[in-house]
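Structures for review follow.
There are two complexes below, and they share chain A, which is joined by chain B in the first and by chain C in the second.
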Partner chain A sequence: MSDPMFILEVAISGLLSGVLYALVALGFVLIYKASGVFNFAQGIMVLFAALCFVRLQSLFGANGPSHIGFWAALVGAMAIMLLLAICVERLVLRPLVNQPPLTLFMATMGLAVVLEGIASLVGGNLIYPLDIGIADDPIEIFGILVRKVDLFAAAAGTILVAALTVFFQFSRVGRALRAVADDHLAALSVGIPLRHIWILIWSIAGAVALFAGLIWGAKLGVQFSLSTIALKSLPVLLIGGFTSIPGAIAGGLIVGATEKLTEVFLAPALGGAIESWFAYVLALAFLLIRPQGLFGEKIIERV
Partner chain B sequence: MYYRDAGQFKTTYAEDSAIFPVLQDRWMICIGVVAAFCLPVITSDYWLTSILLPLLIFSIAAIGLNILVGYAGQLSLGTGGFMAVGAFAAYNLAIRLPFLNYLVVFVVAGLIAALVGMLFGLPSLRIKGFYLAVATLASQFLIEWILVRVPWLTNYSSSGVVSAPPMVLFGHHIESPASKYLLALSIAVVAALAAKNLVRGPIGRSWMAIRDMDIAAEIIGVRPLRAKLLAFAVSSFFCGLAGALWVFLYIGTIEPQAFDLHRSFQVLFMVIIGGLGTILGAFVGAAFVVFLPIALSNASALIGGLPPDVLSNFELIIYGCVIITLLIGEPLGLARLWSLGREKLRIWPFPY
Partner chain C sequence: MSALPCLPGKMGSLMNSSTSMPSPQNVLLEVKNLSIKFGGIQANDKVSFDLATGEIRAIIGPNGAGKSSLLNMINGFYRPDSGEIFLDGIKTVMRPYVAAVSGIARTFQNIALFKGMTTLDNIMSGRLLKTRTSFLEQIVHWGPARREEDRHRAQVERIIDFLEIQSIRKTPVGRLPYGMQKRVELARALAMEPRLLLLDEPMAGMNLQEKQDMCRFILDANSELGCTVLLIEHDMGVVMDLSDRIVVLDHGKKIADGKPIEVRADQRVIDAYLGGAQA
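So, the complex of A and B:
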């Protein structure tokens, strides 16, 4: 049990699955950072995007070579997520400008219910296999077995995070996004086009959801339980901070690694299946030391 | 319309600080409560057991959550967990101490839930807002896990689903739908009165001060530790009570799955739709959440011709749309409609 190689292998597989949690958490962070909305529908958006992709792929793939089907489905799913972003902005967010955050949160919960209905209308209770063209066979690096899909996800996730961080920090649009998060009305009054910003950020979150859905779908198959992984990614948010994109990745890695390690070494002593709550308790412990998460913006309050 | 308080002069301090200062309010509430107690005479058992009973129990839970979210401003997603604590505490008290009166069982179960709630309320001293909301999920998952893992709590039952022992109260068997309904109604009325009195006293004012701005509240002398933990304790007491009633009066079996995350969100929906920071809102919200799916499935039965699974998906979609529409139309909840209407009535027929 205490073979260092084994511990390392467990830790690495945990880190790699942590990247996947981080990808889902990233969607939360994007929307929270850019509009101050805690988007509860992010988890179901992951499922919804993956489901659209799978259905489109089987639609296009039926009459054509498979790689064309793949790209067509990708474009199609992205178009659907864009459409969703426009609908959400138009029908949900715009009428709720300047409402308290709690109301917006509840609205996204309503949205989650709607998407759940649509998703099960489109998909039913079936499990769809998803092939993204990467063989799911393990490869050996320095004597440690790693799945190719995980490696691909880790690499792509890193690129995604780097790109988004640069975008937020150094572009004009990124600055506008941060302004919107601070105060809707103030942002509007200095001339920031709130509508475009919201559509933009929900589309980006949709794209991230699609990406996360594809990776998860390739690992587990596209099925309804995908929407519950969002719950797994919430502690990631707590640890990393709601407003930090690198924080999502750091949090994901911490949660992934500790979750796997404790599942292997601690769970037998506790009676097993501690995965469901361990990440939350870990996050709580973190919060007691840093209430805004590892990289979250420090909340300054004045009376 | 004769809803106005003209001519009702308050000549003593007691009258000035009465719980319902307007005479018409007192009448309406009296008539409403009496009507609710007479309801079993005219309604069918189906209505009593599968609509009104869950409505009342949900109302108690919603009052509890409303105290925490609406009055003290601490967003919690762990309601289901606290309900489960109350349910399992009541079950264990009932089978291990069979000589106890059931009312005592319910109260003690509520107190145990309050203790657990205080424990999970501790992080609220450090963190707030959505951080706290996600942190309270820890209680939900941890409690669910403990209830599944510790066999002593389910009296070593192999299936994990145990039926609740039959209820006897002052020598009467609480078995018929009417008696169950009347018991739940009595408890709900007492709970609502207690909550109403709590929130309009010094404790409630300290909660509201914490909600509006906790730093400012601290400066004017409200102790955040006391106020926040008390809010968690009182809220969990109501939730635990609701959980115990849920098991003993409504479903009759006890299983952790009945109090999952879905339940927490359901209660949160009630609180938000009904109106944050109102006791009336808890009842209105509970009624809305209980009635809407029934109304939807009745409406969809009228359409016909569609397979049931497609229908249930459409119901989900419509349910979500109704919630969003309601939030857009009245972000402060349904209880707000009543208070607006009340203001209009008081000065009717003049606009202002």
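So, the complex of A and C:
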């Protein structure tokens, strides 16, 4: 039971699935950073993007070779997410400039319902297999079994996070983003083009959703339950902090590793299915000790 | 008071504010027949006035007279139902971005700062439009981008000295007392190197000492930095001392326009403030 090799293997499989949680959480963080709003629709965006991809792939794939179908579907799905970003800015955000965050949050709930409706129109209740060209078989590295898809996801996720961190840390867009999240009117008054920032950030969040959707779709098939993995990213965000991109990753890794390890080592004592609730208990503990999360900004309120 | 040496751009104009009178050559901004309605309320009704380069102009009037909405139209936050805005004699459709690019900076009646950021970051945000190096250069943080960042920092430090807020440089503004927040807001506006400074009740809620400081800063911004100032203020003493010319609004309409001494003697103004017969 306590064979170190086995512990390592469990931990690594946990960390790899943690990367996948982190990918979904990343979408939340981006929009939270840019508008101070928890985007309730992020989970459904993941499903929506994956569904668009699958449907486009079958559409293009029917008329040509499959690798062309793959790339065409990828470009097509990205274009749809871009269009979605523009629509969201025009129809949801622009009329709500300078409204309190709660109003914007309610608007994202509405958006989630609309997207759900479109998704069920496009996809129905079927489960679509998604092939991203990477076999889902395990390979052995130093005696540890790892799934190829997980490895790919981890590598791609790392690159994505590094790119986004650099983007926000070192460009003037970063400061502009924080400004927009803090106060719309003030941001406008110093000449920050609010609309462009919003479209940009929702497009990036859309791209991240598409990426997460592809990976999750490849693992589980594209189906409605994909939108509920967003629930798992909630504890990830609470642990990592809502405003931090590295925090989303750290939170994902912590949740992934601890829930797998506790499942294996505490199950005999507590009964099974620890994996399904452990993350939330952990998040609750974090809320008590460090409410802003590991990397979040400390909330300052002058009363 | 430390002067700001070598300010680039349009700042440092030699215009002397106290003697300037509008003439076709030096009108910076002119509004003609601006009207805007909110539901059943005519917030502004055909308001026209002009603003000479280098002057300090005040808008006064009782509560609900339409002062803030006028400022919001000039700044592009509101789009007027009818009427025109001319900047440098050119008809301009104002949007917040257009206003910022054309050198119009503002402060707000209810302070609008980035509360989570430090004083320094707040003021630096006023430099966003002045950033010219490309995204890639900024990532590498080398050469032009490095020099540019340093240049912006130097400029911001001058403004910090100017407004005497050195001690709160690293403090998150959410923690600052009200009067200081007002000052940081002015600092952010000045960081934009504006030609026109719109101040919405810059002294509201301040004590006497803070008001005197703020008056001094406004006068200095005008004379040393060459900012033309359009301000809304309720404190009559301040308005009379500070401004070159005053626009008086009541119920959305302009009822008087002129030098402080003329406005003070105007019967309609007295009526509006004291509740006259034809109000």
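Criterion: the second predicted complex is superposed on the first by the 302 of 303 C-alpha atoms of A that agree within 3 Å, B and C clash if a C-alpha of one lies under 4 Å from a C-alpha of the other, contacts with A are read in each partner's own complex, and residues count from 1 in each chain.
Going forward, a residue touches a chain if its C-beta (ideal position, glycine included) is under 8 Å from a C-beta of that chain, and two chains touch if they have at least 3 such contacts.
Being a predicted model, the structure only gives us computed values, none of them experimental.
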Problem - Combined model on chain A where chain B meets chain C, clash or fit - result: fit
Exercise for the section: Figure out whether A:A186 sits in contact with chain B (first) or chain C (second), or with both, or with neither. Expected result: second
Practice task
Give one of first, second, both or neither to describe whether A:V264 is in contact with chain B, with chain C, with both, or with none.
Solution key: neither
Exercise for the section: Check whether A:L284 is in contact with chain B, with chain C, with both or with neither, and answer first, second, both or neither. Expected result: first
Practice task
Using the superposition on chain A described above, determine whether A:L151 touches chain B (first), chain C (second), both, or neither.
Solution key: neither
Exercise for the section: For A:G293, select first, second, both or neither according to whether it touches chain B, chain C, the two together, or no partner. Expected result: first
Handout entry: Contacts of A:V166 with chain B and chain C, given as first, second, both or neither
Key = second
Exercise for the section: Give one of first, second, both or neither to describe whether A:R175 is in contact with chain B, with chain C, with both, or with none. Expected result: second
Fill in the blank from the handout: Expressed to the nearest 10°, the angle that the Cα centres of chain B and chain C make at the Cα centre of chain A is 80
Exercise for the section: Please name the chain, chain B or chain C, that touches the greater number of residues in chain A. Expected result: B
Problem - Which superposed partner A:P95 touches (first chain B, second chain C, both, neither) - result: first
Practice task
Applying the touch criterion given at the start, work out whether A:G110 contacts chain B, chain C, both or neither, answering first, second, both or neither.
Solution key: first
Fill in the blank from the handout: After fitting on chain A, the minimum C-alpha spacing between chain B and chain C in angstrom comes out at 8
Exercise for the section: Determine where on chain A the residues touched by chain B overlap those touched by chain C, and list them. Expected result: 301
Fill in the blank from the handout: Within the complex, chain A is touched by chain C residues 75, 77, 96-97, 99-101, 105-106, 108, 112-117, 121, 124-126, 128-129, 131, 135, 138-139, 141, 172, 174-176, 188-189, 192
Completion exercise
The answer for chain B against chain A in the complex is residues 69, 75, 123, 126-131, 133-135, 137-138, 141-142, 144-145, 149, 213, 215-216, 219, 261, 265, 268-269, 272, 276, 309-310, 313-317, 319-321, 323-324, 327-328, 331
Fill in the blank from the handout: Note: in the complex, chain A contacts chain B through residues 32, 38, 91-92, 95-96, 99-103, 105-107, 109-118, 120-121, 124, 231, 234-235, 237-238, 242, 270-271, 273-274, 276-277, 280-281, 283-284, 287-288, 291-293, 301, 303
Handout entry: chain A - residues contacting chain C, complex
Key = 166-167, 170-173, 175-176, 178-179, 182-183, 185-194, 297, 299-302
